[in-house]
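There are two complexes below, and they share chain A, which is joined by chain B in the first and by chain C in the second.
Entry: the complex of A and B
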């Protein structure tokens, strides 16, 4: 178990650049990109562990992270929106 | 053997239906369930799953400012106040509200996560690769194809349902509806409005 919330609201976080050979809920289009924590939800079992049949899956805080469209897709006018995704703690690292 | 969910299927879902059926057959062969059990579960599930549920939540939020605040702070708890506790027992509900200058739209890029118990069975376009891939990339263009042409000044927030949280959009209450009661207001709310692909 994690000890509460590692990334407080407003934290800058980067979605990790990973490419696991098992199930994950970190969408590929977010990997390596930086966003801001806008909400934290109750801890949930980590799908990566559940899908691999682990008897005691890790249970982690799930963060709503807001990414700007321009961060994901470049600065053309079609990218003026934001995308918010719910990401388990181990999908994220601190961004500086 | 027919299942109730087959009534909702469209032609493009036929390959999926065949795969689901093969999975069902494996589970039944393994003694884990039976056709009758699956049919019974689906019948009971769909009997309570309807966009009428979501519309009631929206109408209440339009008419009760304090309920709206509670709904946006903790969707599951507020939905339970209206008797929708059983409908939201297997996920966390997060409710997002449109304003004059921000519009919300829901997608699930990884699969097709959707608050089925509050909105009824998901439309086939919601599960399509085109909707799932384009909504996070060019939402304004996607919404325009639904007939929703947002002003250029209106910002768009796209919520990708990647976890066990399910999303519901509260549309902006239409002008000229001051005299309507909650039932009349609820009748104005559409499924697409609560996904974010329609204004209301």
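Entry: the complex of A and C
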């Protein structure tokens, strides 16, 4: 259980490089990449725990994180190509 | 352990055909509609959660996952879940 919002709007965050052997909502193509928090939504049960049938899943803030296409696919840095993903707090770490 | 379903962000599949938004989606066959209906009933009755369903689909071995149609994956996941939950 996480109280409050750990990453305020505008924070630079990195999607953790994890490789779980169960369902997760952190897609592989985002892992290890850095984006910016553009919204924080009300806490939701963590799908990784729900998928494993845990009676008391962790409940965490879900962040909308914007990644630039150049960060993910090497797109032209000048292009406006971005992806926004909804990511649970434990998927993220502070980017330095 | 990366799973076979996780192809989001991959390139090289060509453009996505979004279909005609004015046309309602159709099942390919009656059995697909039956699988869909059974899944919805079991979900509503709380036999399993949507995340457990997703996990069951993603756990299908790659060789079967890749050869299976969309609702064939649903059917295999349902078979696994009803047995696991003791309602088979």
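Remarks
Note that in this section the second predicted complex is superposed on the first by the 90 of 96 C-alpha atoms of A that agree within 3 Å, B and C clash if a C-alpha of one lies under 4 Å from a C-alpha of the other, contacts with A are read in each partner's own complex, and residues count from 1 in each chain.
The rule we apply is simple: a contact is a pair of C-beta atoms (placed from the backbone, for glycine too) under 8 Å apart; a residue touches a chain by one contact, two chains touch by 3 or more.
This structure is a prediction, so every number in the text was calculated from the model and none was measured.
Of the two partner chains placed by the overlay, only chain C lies in contact with A:51; chain B stays clear of it. Using the contact criterion defined above for the overlaid structures, shared-chain residue A:42 touches chain B, although it does not reach chain C.
In the superposed model, A:29 makes contact with both chain B and chain C. When both complexes are overlaid on chain A, the residue A:73 reaches chain B and chain C alike. Taking chain A as the reference chain, the count of touched residues is higher for B when chain B and chain C are set side by side. Once the two complexes are overlaid on the shared chain, A:20 sits against chain C while remaining clear of chain B. Residue overlap on chain A between the chain B contacts of one complex and the chain C contacts of the other covers 27, 29, 72-73, 83.
Across the interface of their complex, chain C is touched by residues 19-23, 27-30, 47, 50-53, 72-73, 83 of chain A.
Those residues of chain C lying in contact with chain A across their complex are 1-2, 6, 8-11, 49, 51-52, 54-55, 58.
Partner chain A is touched in their complex by these residues of chain B: 92, 94, 109-110, 136-141, 155-165. Put simply, chain A touches chain B in their complex at residues 25-27, 29, 39, 41-42, 44, 62, 64, 66, 72-73, 78-88.
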